Every structure is written in structure tokens, then in C-alpha cells.
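Below you'll find the structure I mean.
Letters A, B, C and D mark the chains in the order given here, with residues in each chain numbered from 1 onward.
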Amino acid sequence: MKIASIALRNIFRNKWRSFLSLSAIALVTFTIVFLFAIMEGMKLDQRTTMAKFATGDARIRNAGFEKYQFIAPEEFMIPDYDKAIAALRADPAVETAVGRFQFPAQVAVKWEVIFGMNWPGETNSTLATGLDFSDEKSFFSLASYLVPGGRLPGQGEILVSGGFAKKFNLKPGDSLILYSGGTWGQQDAVLKISGIVALPLAQLNVNSIYMALSAAQNLLLRQGQAEEILIRFKPGVAVGDAVAAVRTALARNGFKDLDVKPWNEIGNAGTFIDLASKIYYFMAFFFFILGTTVIINTTMMVIYERMREIGTLRAMGMTGPEMIRLFFMEAFFIGAAAAFVGVILGSALILPLSVSGVDFGKLIDLGKTNLDISDVIYPQLNLVSTLFVFFYSTAVSSLISFIPTRRAAKIEPVEALRSI
Amino acid sequence: MGFIITLAFKNLFRYRRRTIITAIAIATGVSMYIFIDGWLQGAQAESVRNLVKFETGSARVVNTTYWEQKDFLLPKYDIPDPAPAEAALEKAGYTVAPRVTIFAEASKTGGAGEAFTLQIAGIDPARDGKIFDFANALTPKGAVYLTAGRSEIMLGSNAADRLGVVLDDSVRLTTRTRDGVWTSLETRVVAILSTPDPIVNNIMGFVPLDVLQNALQMGNGVTDIVIGFPEWLDPDKETAAINALLAPLPGSSDYVAKSFNDLAPEFGQIAQSKSGGTKIILFLIFIIAAIGISNTVLMAVYERVREIGMMRALGMKNGAVMWCFIVEAFGIGLVGALFGVILGVFAELYMVNIGIDLTPMLENMGNIGYRILGVSKSLWNPDTIVTAAIVSIIFSGIMAILPARRALKKEITECLRVK
Amino acid sequence: MVKVNHVVKNYTIGKLEVHALRGVDLEIKDGEFMSIAGPSGSGKTTLLNLIGCLDACTGGDILIDGESIGGKKRDERALLRRRKIGFVFQSFNLIPVLTAYENVAFALSLLKTGPGETRERTMKILEEVGLTGLEKRFPNELSGGQQQRVAVARALVKKPTLVLADEPTANLDSDTGREILKLMEDLNRTHGTTFVFSTHDPMVMDFAHRLVLLHDGAIVSDKAKK
Amino acid sequence: MTIKRSIWLALLVVLPATVFAQMTAEEVVRRLEKNEVYTSSKSSGKLLITNQFGTKTKTFTAASQGAEKLLLEFTNKEERGQKILRLNDQIFVYYPRSNSVVSMQGGALKDSIFGSDFTYEDLTGEKSILNLYKVEFAQPSTETVDGVQCYHLRLTGITSVAYPFQELWVETARLVRRKAVFFSLTREPLKEMEVKETKEVSGKIFPSRFVITDLIKKNSSTEFALDSIQINPRLDARQFSLERLKF
């Protein structure tokens, strides 16, 4: 009689309990597979979001911008923006390059009319951005964040972010008075809200407004200038090399004093993503521990329950290592089957979700309106990590049986026989 | 019922080993849940934490007019005698640190340096450190913290770069006194602050409170009384409590307490809009913990089908048998939850106060000067601790129902035959 | 041949020291069919466990086929049991997931017996214990007597020097008990296997060819009957 | 050189000193301020604002009535139509593109006007030096500034004034401001004002061009130049009202 087949039969002996063990391990495996996919998705989301909204694969700004951004940012624009964009697009490594114009603005959302003039009441600080909507189609496509009922802004119009709209109860068709001042003076305009965008980044959704790049340039009397140009490189392009090429190309085209930075050198973008993924890995580790304790527990229960049987086997002359092998086999069979089930279930769930995305914001927080941030995350199924989870789950759930089994092997047969 | 409870508890002790195993499973689940929730909250609250520890404090008491004009930081609208309010707050267990916060033009003394507007805070070197964490952000080597009475300044790293100053350089601050009189102050740079808070790095400078009060002719007046309270407390509730606490004090109608949510409203909103991803992680953790708990409780009950048969054979009613098991499972849940909470709290104690330093594992650390960023810490989560404990206890009890009911459906003889 | 030399066994239960055996000397010759009897608590089971290498002596020594078991390690004792000792338990203790056949064959598989031989020996012994036709049944599909027959077969299949049976009939009705004893007696005769069983049942004592009486951990009488 | 001529020269040098030496410092200031009082004015001019990032020109027309009412309207391209109205201590800014009026209050008054060295606050407040400062002569009491002889006065704030110390140079001959340096409480020089040109209209002498230099910031100065000025012209009093800001 082979130990393996005894082990196998033991599994079917108490179907309920085996089912429980199996489902526990399978669920743990499933959860970990899912968790990994979510974390991978979150990482990707973070990276793409950052790239979309803030950094691109690389960002070009005036070299003086950083130093003077708090006192006179508008003095440090990229002149001849069109020429720069043309030069960039000529670079074969560049997929797309877009110019943006960001500026702080005071916005009056309510006003009274006295003597035929508007007297602003409630005002709020916002960050306004001018974008080239047609260039941005494949970059930061505001159209895809539009709340139904809105459209992209035309002349004299703007988009407002969901959080901002919610705070001041704004809807398309409402107007705002915008004031934006630089060192040299203050400019103003009445702008009509053409639509509301629910943006996936809290910072942006809270208080941003968007208008056409040309409108922003005109408003701030900065025709032909942009604050920054974001570049997306073609897939497979090494960012470091491409950035160097961009620098050369710009210099060749007569641009001086421009600062080209790859995304991971902008602010702490790289570090934050790095940090986040490290934290996720740690959490996955604790996850494993938690899952592992479930497995240990089950095995321990099984062993205590079968104490008398252990005694009999010992009396029949089974040695400690043989005992351990028996229980190990049992754990291994359950573990492998469970890990398999878990991985299959997990993958089966993730694959469709990785295409459709999951809006966790909506899923969990039912109090949300469509003006709120959409927490759409696209879980990413990674073959390597999934295989890893399968082997890990199997290994852990079988190896872990050593802990209680070793104790069982040490129990004197007399004791084992005496227990009920 | 009393009998059932007695019996249930006797069983708990009789099957001590099983109780312990099951309780350990529950404890692991509970503690892990508490731990990960705290950590996730900590990771999520990292930006808020940085805000609180470097920029705003937990709350502040300010003059109402100062608050209305907060874009201008006018020392004219101060709290002339902060002592009674400070005493009242300290008595109530809050940490307090008085500050004077103003705008000033700063430039390097003696050079043709440029002038930049900075936000200058006069801080009490002894008390400020109890709320703020600048002591950990001092760079470069040789940097020291401010000393009261000395005309010294600690500058945000980017601000220092802009001004072109390094350690021991002199910085002239030009600003207006409480009464609007232009004045200037020569300070010596004793530290460059490299913090995770961009506002501090970019536009802030710190000088000793007494020096600034003197320069601004403010007497004992301060513009803010910064309050520190543990980060797991609800900032808005605490702020309401502080306002109530200050109400009976003379002149209190001029002051108002503002929580960090008010002090940095955008941050507050960001913090509130928790990302769904972390919620799903918690949900998954809960599932695993629940599996662990249910698994062991189920087994504990299955193991004793024979006992159920025996109890019924002795003439116990089904309901009573059921209750007996439920109470026992509650008991196990209770023990497990208790240990889980203790374990979780200990783990959090470490994670809240020390945290895990991920710095050595970070690849892109090159451009960051501060270590604090790499240290991942937890946030106290009393709500979760209580919820996790209660849910696990109730859950354990409920989990006993299923197998007990199955056992009760069986014929007594059948039960007795089970081994 | 088993030689028990002045064996002492003490247990500590809590703070209380229990003297289970207080110096027992006993010699069991090959082919004996012997009963160790005595009231409960007299040390029967302890003595059997010690002889069966399930437990270690506090003092004295036991020799099996001239081999001392005192200094043996846990797994060495296991191997010794595997080769030389068969057990029959009061509550049968069959492996519930194995059929009657497999339960018996399992004992041989531990000795790494080849498949052909295993099959032959197993079928033969099952026939001898009168279980032909019930080989494929699982323990819970067998009556108590049948289960004990399987247990006896399992103990004997490996041709042990010694079969130890701790109250083998205690869980059986008297008719079945007698059948089992009869079976063991037959096997003792045909195979020449030494049988040592403990009991406090006078009917069982009657079967024994030699009766050792234990009282308070010491032998009070030792007489051959047949 | 004849004796006669040398006497004249001596007279020229000594006379003012002897004649006006009897004047107290307060008297100098009183005479100075008397020149600056008129019931109404109308002017147009420009501001040349220089900071570290470059220079911009803003043109404006201004009308004032008494010391309490002032209306500035910008006429340069960027801020065309923007108006600043002062009524007593209140300041209103009118933005034509959004047809809106913003009332400047509190800290906003300390904001610079279009990046110049003027703040909105500078348009308001108590004007008489003697109410705010203790005035005394420096030693020596006269000094030449760009070849023009001036009284050198030291002003010490007696109430809380923005600049607790000032040094003021007043032309001895015409008793108009020539130059001023503004100091902080710690006697750090913060700003300097220098009159470059003056114009006489209806018996009053106006500084038609002066420069304010920020001494803390590098390359920061504002030049104020009047193209035309009318004293006590006929003014439509209603233009200093909120109702009419729009027009």
C-alpha cells in the first residue's frame, strides 16, 4: 500500500473537511492572484495617470520655471511652442507631443449684478489648464471623462472638474468669472461651462478647470507660448536615450534654456511608484502569512483528530519520516488542487476585468455621484506572478504541514493510542 | 440559559487545545486585518501625515480675521495672550505649540541675491517639535535645530536653493510688524529642511518664536496655536471639541479652531476620496480572515458531532444544543479576538511609531534627500480594531450554526456512530 | 524470545509519581500463548507497551531475541516493531480509509515486500482468519468481530516474533470474543507465533496457556495452565 | 573774476542757507505739503515697471478730487479699461472684459499694482507727514542731490507707519520733494524715490517723472511719468462713483 494513495484516500475520507481546507486554500490563492492583479493594475494606473496628467514620458519646461514658479511662472514659458512641437514630432521616437498651459486662477462662481456690473461673491482658487484638445485625443483625452450632457469647450467656454462642479453646484451652461494675474497685471473673462469632467486623480478632480490652449494663451496674452510640452515616446523606446535625442533636436532647432526631464526624474514620481509597489509586495507577503495560518490550522486540526490513527501507525512500525510523508502528501494534494482551482478562478475573473476595468469607487462607495473621481482600475494578469502564486500556494500549504506533523511524529505511540 | 453558558465555557476549557488552535486562527485573522488596515490607512494617509507633521499640525487656533484673510497672513490679527488657551488645551491633553506665521521677503544678505517671498513661521523650539517633525529633516551634516533667542533660520530646501544660501549664510527677512511697520531681520541659516512636504521645501522658513515676536513687536502675541492630537482621532470632531473647550475663555469669540482639513482643504478632500483599490485589498483580507475563522469553527464543531449526539441522547433539546455550540464558538471568538487585538495593537505600535524603512529597497532614491519618505508607517485605526473584534466574535458564533444544524438534523444514533 | 529484566516504569501525572511497574521479571518463550491478567491499573497495558517498544522503561531492560531495546531511539524501535511485533488493539484501530485487504497489506508494504508476495501472503492470512470474500470491505462495513479478525491478520501477516494484544476481546460480545481467541490460538499453533494478551476477563484467562497475574505493578503469580 | 561777481556768487551760495535756516523742519514740510494740495486734478501718464524679468509700460489717465477720491483708468493694450476707484479708504477695481467689480480689502490692499512698487494701500491713508512723523533736519541740514540743493530731513514715525524712518530731500529753492529713502524699523533701506522731472501747472509744482526703486529686490523699480496734468479742472463729480465705473 503506497503512502501516496493512503494520503489520497484520507482526503476523501472526510469530504467536508477536505472541502473546507481546499476551499480555504483555493480562496486564499484566488485572492492573492486577484490581489496581485489589482496591485499590478494600480501600479500601471498610477504610472499611466501620472504620465497622462503630469509627466508624460518626458516633460519639457523652461529651465527657469522651477526656480521662479512661485513668483513669476508665466515669465518662464516655452516660446515658439508650435516650432518646438513640430521639431519634436519630427523625431521618430516620439509618438506624440502636446503643449499645455497651466495657470492659477481665481474663479468667481457667484455674483450679484449691481449698477449693471458683476460683483463677485463666492470665489475659489483653481488650477486652470489650457490644452490642445485635438492633440490631446490620444494623451489626456478629456472627452473620455466628460459627464453626460457636456462637450468640449469652444470659444469662451471651459470644462470644470467634477469635484469643483459638485462643490459649487455647477452644471453645463453656467458661467464663471475667471481672474488670473501674473506679475504684470490681472486678466479676466466670463466663461461658460461647456461640460464637467470626472477625473481619475483626486488632486485634479478637486479644483481644476480646462480650456483650449489657444484660449488660455489669449487670455493671458501669451500667444504662441506653452508652459510645458509632454512627450509620449513610441512603445519600446528607451526613455533615457530618447530624452537625450530630444535635447539634441531642440538645441539644433535653436531652443535654448529648455529643460527636458524623463518622467521618473520629475518630482518624486518614480520614487512614489516604487514605494507604492514595495508596500504592496509587503502586503502580499502578509497576505500569504494570513493564508498560510489558515492552512496550518486546518492541518493541525486534521492531525489532532487523527491522533489514534497516528498511534496505530506508529505501533505498526511506521517511522517519523514516514508519518511526515503521509501527512505531507495529503497536504500537497489538497494544496495543489486548491492552488489550481484558485489560480483558474482568479484568472477567469481577472481576464474580462482587465479589459472592462473595475470602478472600485462606484463598487464600494454607493454615495458617489458621477461627478466624483472614477477609481477605474484595470487588473493586470501577469503570467509569471500567477504561476508563482500557484507554486507558492502549493508549496506553502504542503510544506506548512510539517509544523504540526513534526509534532505528531514526536508523540509517543502510547500517548497517541491513549487519546480518543 | 445559565446552564448552557456554563457548559459552553466548561467545554472551552476542557478542549483547551482546540480552543487555542481555533483562537489562534481567529487571532491571526483579526490581528492581520487590523494590521493591514492600519498600514493601508497609513500609506494612504501618508500625504495627510506629511501635511500634519510638517505643514499644518492637527489643528490650529487662530484669530477669526486672520483666518478670513489667510491668504495674506496678517500678524495684526493675532492672539495677543495665548497663555490661557494654551493652558486649557494642555490640560485637556492636547499638545500645543504657539506660532507666528507671516510672509516675508527673503534674500541673501550681503550678496546681489534675488528676493523671494517666503512663508516664515516663528516656532517655539522646545514645543514645536512635539507636533512637527523637522528634527528629522535637518540637512546637511552639521545642521542644528533652532535655539530660542537666537536669530536663526531653518529654510526649506528649495527655498534655500532659490535664495542661493547654504548653512551659516545670512538671510535677511523683510516684512511688516503687527502694526504694519516694515522691519527686517537678519538670520543665520542653521539648517536646510528636506521634508516630504513640498510646501515646506518650496516656500517656508522657520525662526525662533521669540525672535520673530520681538521683530514684529508682537509681545506674547501669536498668530496660531498649533494643536497636536493623535492622528487616528477624527480631526473635525476634535476641532469641535477644542472650540467648545475655548468658548469660556475671555476673548475667545475672536478665535476659532480649524482642523487640518480646513487648513489645507484640498488635501482634506484628497484624503477623503479614498482610492477604491485599497478598499478592495481590505475586502480581500477580510475574506481570508473570515475563511480562517469559519474553517476552524466549522471543524471544531464537526469534530464533536458525536458529542452532539450524546447530548441529545441525554435529552437535551435541539435548541439548547445549538445554543451551547454557538456560545462556545462565541467564547472561542472572544478569546481569539482578544488575542488578535492585543497582537494587532502591538504590531501597530511598532508600525505607527517606527514603521518599515523601505529606503534601501527603493531604486529611484537618487533625487530625494529625505529618508522619511521611504519609511512606511501605519495609522491607528480604533474603529477597525473594534469592528474587527466584534465582527470576528459574532462571525465565529454564526459559523457554529451551520455544522451544528447539520448535526442536529442527523439521527442521534447516526451521530453517535461518527468518530 | 522476550526477556523482561527487573523492569520499572514510573509515570508522572502532574506532580504525582505513579509506579506502574515495580520491578517485573518475566521470560516469554517462543511460541507461548500467554495472558497477562490483573485488575485495571495493575500495569498490564504498561507492561505490554514496554514489551511492544511503544514506551521506554524507567529502569531495567527488555530483550527481544537477545536484543536490548532499552537504548534504542524512537525510529529504531519503530523498525523493530515493524519486523518483529504485531499489535491487536482493544478497539481494533484499523486504518479507516483502507479496505480489509489493504489494511493487512499495508503492514507488508512497510517491510517493502514485493507485490506478488504481498498479495499471496495477504490473501492467505485473510483466508486463515476467515475473511475470504470480505477483502474489499472498509472497516466501517465490517462487524466488530470481523474488524478484529482483520487486525489479527494485520498483526500476523508479517510473521512477527511476537503478537501483543491489549484486551483484544473487550469490545466484543463473548461469543465473538471466544471466536477471536480461538482464532489466535489456532494461529499460535499453526504459525508458532508467540501471543501475549492482556485481559481481566476470566473467560480469556481460561484460553491462555500461561497466566501471569499482575497486581500493583508486580507479578503475583505466574503459572502454566496447559 | 571781479569782486562784484564773486559777491553774487557768495550770495547765491549763502543766501538760501541764511534765509531759510530760520525755517524749522516742520515748516519745510508744511510748505512742501501746501504745494501738494489742490481740489481736483486730471492727468494722463505712464508707469514703467521694471523687475528682474523685464520692463512693461502701463498707460493711464487719472482724475482726483480732494484727497479722498481718485479714479485711475488704464489705457495700455493689456489692461485697457481696467479702473481703480478710491473712495475714502475703499478701493474698487473694475474689469471691463467681465464687467465686474472687485472690492479690495484687507491683505489684498498690500498687493502691488501690476507688479509696480505701488500697492493699492499707497493710494489710501493719511497723507500729512506731520501727523505721522517727527521731522528734524539731518546734519548738515542741506545737501545737493544731482546738483540741486536740498534740505535733508529725517523723519521718525510717531505712530505705526509702514516706513518708520525716512530721509527726505526737499529742494531748498522750490520746496518740493526731490528724493526720499524709506527705511525699516531696523533702519534697513527698503525703497528709494527720486524725482527726475517736475512740471509747473497753475502755480503748483508737480513731480512729473519720478522713480521708485526697491532696494531689497534686484532690478526692481517703477518709473512714474505724467504726460499731461490739469489742476482744478472742471470735473464731473459723478465719475467718482460705483454706478459710473462701467462707463
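Assume a residue touches a chain if its C-beta (ideal position, glycine included) is under 8 Å from a C-beta of that chain, and two chains touch if they have at least 3 such contacts.
These numbers were taken from a predicted model, which means no experiment stands behind them.
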Centroid comparison with subunit C (C-alpha atoms), farthest chain: D
Central chain (distance from its CA mean to the mean of all protein CA atoms): B
Which of A-D and A-B has more C-beta contact pairs: A-B
Inter-chain centre distance, subunit A versus subunit B - centres from mean C-alpha coordinates, in Å: 24
Between subunit D and subunit A, distance of the C-alpha-averaged centres to the nearest whole Å: 59
Centroid spacing, where centroids are CA-atom means, of subunit B and subunit C in whole angstrom: 67
Multi-chain contact sites of subunit A, meaning residues that touch two or more partners: none
Contacts with 2+ other chains: residues of subunit C: 96
Complete list of chain pairs which touch one another: A-B, A-C, A-D, B-D
Residue ranges of subunit D in contact with subunit A within the complex: 49, 51, 53-54, 56, 58, 78-79, 82, 93-95, 97-103, 114-115, 242-243, 245-246
Subunit C residues within the subunit A interface of the complex: 49, 52, 54-55, 74-75, 78-83, 85, 87, 89, 93-98, 102, 105-107, 109-110, 154
In the complex, subunit D residues that touch subunit B: 52, 106-108, 110, 157, 160-164, 182-186, 188, 190, 216-218
Residue ranges of subunit A touching subunit B (in the complex, touch as defined): 16-17, 20-21, 23-24, 27-28, 31, 34-35, 38-39, 41-42, 45, 67, 70-71, 163, 202-203, 205-207, 264-265, 268, 270-271, 274-276, 278-279, 282-283, 286-287, 289-291, 293-294, 297-298, 300-301, 304-305, 358-361, 363-365, 372-373, 375, 377
Of all residues in subunit A, those that touch subunit D in their complex: 72, 75, 108, 111, 114-120, 177-179, 182-190, 221
